[in-house]
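Presented below are the structures under discussion, each in the form of structure tokens.
Paired with subunit B in one complex and with subunit C in the other, subunit A is shared by the two complexes that follow.
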Partner chain A sequence: MAHSPAALSLTGLTKRFGKTTAVNDISIDIREGEFFTIVGPSGSGKSSLVRLLAGLDAPSAGRLTLRGQDITETPANRRPTAMVFQSLALFDHRTVGQNIEFAMKMKGVAPEARRARALELLRLVRLPEDYYPRPVTQCSGGERQRVALARALGSDPEILFFDEPLSAIDYRLRKTLEVELKELHQRTGKTFIYITHSLEEAMVMSDRIAIMRAGQFEQIGTPEEIYRRPMNRFVASFMGEVNILTVQQQGGATVFADLELPAPDAKGTFAVLRPEALSCDAEGTFCFDAHIVQKLMLGSRTQFHLRAGTATLIAEVAAGHGTTLRIGDTARFSFDPTDIVWVNS
Partner chain B sequence: MRRNPGLWYAMPLILMMLLFFAAPLVIVGWYSLMPPRSFALTADLGLQNYRSAFTEGYGRPLMWSIIGAALTTLVTALLAWPTAKILHHHAGRWASLVTALIALPIFISESVRLFGLSVFLMPGGGILAGTLNAVFDVQIGTILNTRLAALVGMIYIHFPFMLFPMLLGVAMIPADRIEAARDLGANRWAVLREVELPLAAPGLLVGGLLTFVLCLGANAEAAILGGRAVTVITAAIEQRFNYAQDWPMGAALTVLVILVTAALVFPALRRIDLGRIIRR
Partner chain C sequence: MKAQGNTVWLKAVWIGTILTALYLPIVSVVLASLANTRYMRFPHKTWTLDAYRAAAADYTTVTLHVISLQIAVSVVVLSVLLGTIGAMAYARYDWRGRSLFQKILILPIFFPQPVLGLALLLSMSALGIAPSWKTAVVAHAVWIVPIVTLVISIRMFGYDVAQEEAAFDLGASRWQVAREVTLPALWPGLFSGALFAFLLSWSNLPLSVYTSGADTPLPLWLFSRTATNYSPLVPAIAVIGTFVSGLIVLALLGIRRALFWPSAK
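So, the complex of A and B:
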């Protein structure tokens, strides 16, 4: 991968709004044809960053090069990129076809050629051709999503930006669209830069993920790397529900402070344990007694909310295990050192 | 009838509209078909007043009114668009202050403002000419008592009527649509043509109609600033009713003005979703 040229290079990219720094000195190369996702909580600066990349805002400092060509000063309308907005920003006063053809019309493409390409794009985003003359206001949420995507593709961009386009869509449709987007990425071979607050969403689609906090990337890696080797508690906790145990020195011994359990061979200050790493069969290396506060059936798994020592933990066991355990019971839970992810901050 | 209480509730309004809106219109229409200089409403109907309207020199005042209204609408629209955009973008204390400064003069009598403008434009010791002479030693003439002065007055008086609907219109353009258009390769003109104007169209149409219709019926500007340089149709109508005591002719001219207005207003209103403006 190292030899493939960078589609987009960010060098010290910075954006300040008054005294706050939304994007703080970010440098990275995004590869040709990559599905690169930036994940962060609201206020992390991810939207500000993508606006800089699309040319909607000017950076306070830093450079931006597209295939080696400096585009830092190039206005949005002359950048060969297109964005799918969080609000979709469809032209409600126009038809589906007119929306998709907008960029082509701006380029002066002849009407017949525009129409042919628009119908092609409708097929690509899996909308029937008879949507072409419809007003976009008559489209459902998912259909509007597809029109927005087709409109962005209509400019035949080198890079596509997505600013949380699926955040307002219900769970099932979102899952469908995630897969479709991934397939579309594979079929078009274009570079996708995707913004989301959901690491779960990022995992499904991305080649690489950057976790963003306070205007900077905390960690960059493949979904596998982010999942297996989070760099710190922030990245680990972004994955969803995780248990974090603090390791301390007490009387010359290393212990899990909350559980009052010896922790020999501790490789970091914090032990990150995924809920599925906790077992209720007391077969693991580290065993502890826990009070069951809550029991939730999640279909293929059962989730227990536990109180042990001063810790509140979440355990998830496969269905069929722990069936006899009730809320209010005290039971023995355990985990193995191999399931621990060690972080220092 | 018991099944439709809405009709009963609407009755007072219906009666009022019939009595004070429909009936006067009918009377004016009827008078316009009477023989010249008669004061009775009879069955002796004829179109002779309308024929006279086009042969006896009334075409000119009507034309002046229409041209004046059209020019005023155009100029105020060109002035109000950037103003509205700036006020919308810099919403806050300064924008409120500027808006108030534009709105406040509406509460002062139009004649007073026009006489003020007249004093401003006067030659010699007028505010503009006098100041330029005293401070910069520049001597200028005056546009007072010309068609241009009447037009300047019309623009000055009607600017707020264009600006405020346009502000509503501009507020109907979501910022992200402009950004999306830019992102898809639209330059400033294309953004204006393809996104801003269509989205702000209801505000533009309302402002345009309001200004045009008000200007078509305006005569104070021509009378106070235009001197004898221009006679507008309202002045001609007034003269027919008062001085000439020719009610049927006045009525025929009135009907013509109403027809011109209706020909513009009805097609335009059909294109506006008033509900959309009110909801915003």
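So, the complex of A and C:
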């Protein structure tokens, strides 16, 4: 396993548009059968990168090999890969069946064989067989997702690319589709390369995640590693709402500058604290008084927006805690050193 | 329930009024063609098909239709071709000067047609080109190409270009992408454009007056004969012309149905 060639190998891959460098010298091996997700904010170059990988754009520099074979110069229509587009790009003037069979038709597969495979793929993406003759324009959002997926699988690709396909889907359906996509990955055993701006989405599905910023990977790791050990504030803040406290030297002592709280044993320049690390029970090692600016019920948890010293913080406590606290109160909050993630930049 | 019954009745009256207003003039032309008098006067003393017999026997009838058809078909081909290319520039690609192009393109539509016709005639004689049905094609195109470009652009705006990339990604060659994705997706726009071009050219008078030279298209003949030398032959040929263009439009619609969705091939 360790010695099998990478499914996809990027060497110094670079894409420039005029003076801007969208993808800046990226090298990485993506393993066979891996669910690899690239996460980044808009403008980070993630879409440009996936277009290079799919062969829709040519790189300005660098090489791309698929199972050891150089495909840098191979155009998209001759690469054994398929992409699920952000807009899905379904062929609106065709039926569900015709969409799924498109790649097979281009390859010259006989109509009966195409149909049999299309019905198989419909089952795989959990669509009823009677969808086969329907126009895609009559499908709902979630159904269109499934058709797009089946169409990509219809080309029997070695690697599947996904360019934020779930970004326009409502929350509940997105959650369902995330799980289905993960199961589909497990069932097909194919290599999935997924692009998203949501680290939360990436966490659910991925084997490995790469956090992208300004055309480069900031950090690559398993969801666990990214969550537990973010390399810097950028990666940490990508996870959602986090508190970042700056540590400074003041009169020979190390302190959390904003809170004016001693910070012994500081292991970095910035302390990253997740909202759930802050407790309103004043039992933690570090205690501070905070003014409650906002109180929001989140169901299983209650969120407090706090002002303490010059810092603005977010705390989340389990439901049932802090029930007596109201907006405008000043209360004692605390956190433990074990919950701090230290970063230096 | 009663209120609803009343509304239905009112709706029927309203629609009936509009249809009457629309069709009464057409019906009166048909009635006029069934007379044998030199003036349009109702009711007729004698009802006769003489005018139609005369029209059928007269070689002019065929000539008029052939000339109008030659012009209209040429305009359709020219304007769909140019309109498609223009629509790509108008709606699909973003380029420097696009918004200027979008404005300039519309201008000929607002230009009064008689003036446009005269201007074109003057330009052509300055270039030493003798007016004929061919110059009428050019004149019609000047006015119709922008309209067809707009019609096709509407379709182009609603078309996700990523479909072409998706097809290419799924193994289609450039030619297959055009045949399997681009053309079918734009086809309704091209069809509407062709239909517009045909009807606008077929019924055009102000541009033909100046630019068709010795070749007389149908509307021009109808106009001059109504003004100077009226006989029931005029409404008779008008009715025949309406049928001919109606049949052509029906044929086009038939072609569309045969070619277009949901033909699962």
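FYI, the second predicted complex is superposed on the first by the 341 of 345 C-alpha atoms of A that agree within 3 Å, B and C clash if a C-alpha of one lies under 4 Å from a C-alpha of the other, contacts with A are read in each partner's own complex, and residues count from 1 in each chain.
What we mean here is this: a contact is a pair of C-beta atoms (placed from the backbone, for glycine too) under 8 Å apart; a residue touches a chain by one contact, two chains touch by 3 or more.
These numbers were taken from a predicted model, which means no experiment stands behind them.
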Original post:
After the subunit A overlay, clash or fit between subunit B and subunit C?
Top reply: clash
Subject >> Which superposed partner A:192 touches (first subunit B, second subunit C, both, neither) >> reply: neither
**OP:** Using the superposition on chain A described above, determine whether A:286 touches subunit B (first), subunit C (second), both, or neither.
**Re:** neither
**OP:** With the two complexes superposed on chain A, say which partner A:77 touches: subunit B (first), subunit C (second), both, or neither.
**Re:** both
Original post:
With the two structures laid over each other on chain A, which partner does A:85 touch: subunit B (first), subunit C (second), both, or neither?
Top reply: both
**OP:** Would you check which partner chain A:35 touches, where first means subunit B only, second means subunit C only, and both and neither mean what they say?
**Re:** neither
**OP:** Have a look and say if subunit B or subunit C is in touch with more residues of subunit A.
**Re:** C
Original post:
A:102 contacts which: subunit B (first), subunit C (second), both, neither?
Top reply: both
Subject >> Which superposed partner A:333 touches (first subunit B, second subunit C, both, neither) >> reply: neither
Subject >> Residues of subunit A at both interfaces, subunit B in one complex, subunit C in the other >> reply: 54-56, 75-78, 81-83, 85, 87, 89-91, 93, 102-103, 105-107, 151-152, 154-155
Original post:
Can you list the residues on subunit A that touch subunit C in the complex?
Top reply: 54-56, 75-78, 81-83, 85-87, 89-95, 97-98, 102-103, 105-107, 133, 135, 151-152, 154-155
Original post:
What residues of subunit A sit close enough to touch subunit B in their complex?
Top reply: 54-56, 75-79, 81-83, 85, 87, 89-91, 93, 102-103, 105-107, 151-152, 154-155
Subject >> Contact footprint of subunit A on subunit C as seen in their complex >> reply: 160, 162-163, 165-173, 176, 180-181, 184-185, 187, 261-262, 264
Original post:
Taking the complex as given, what residues does subunit B use to touch subunit A?
Top reply: 174, 176-177, 179-187, 190, 194-195, 198-199
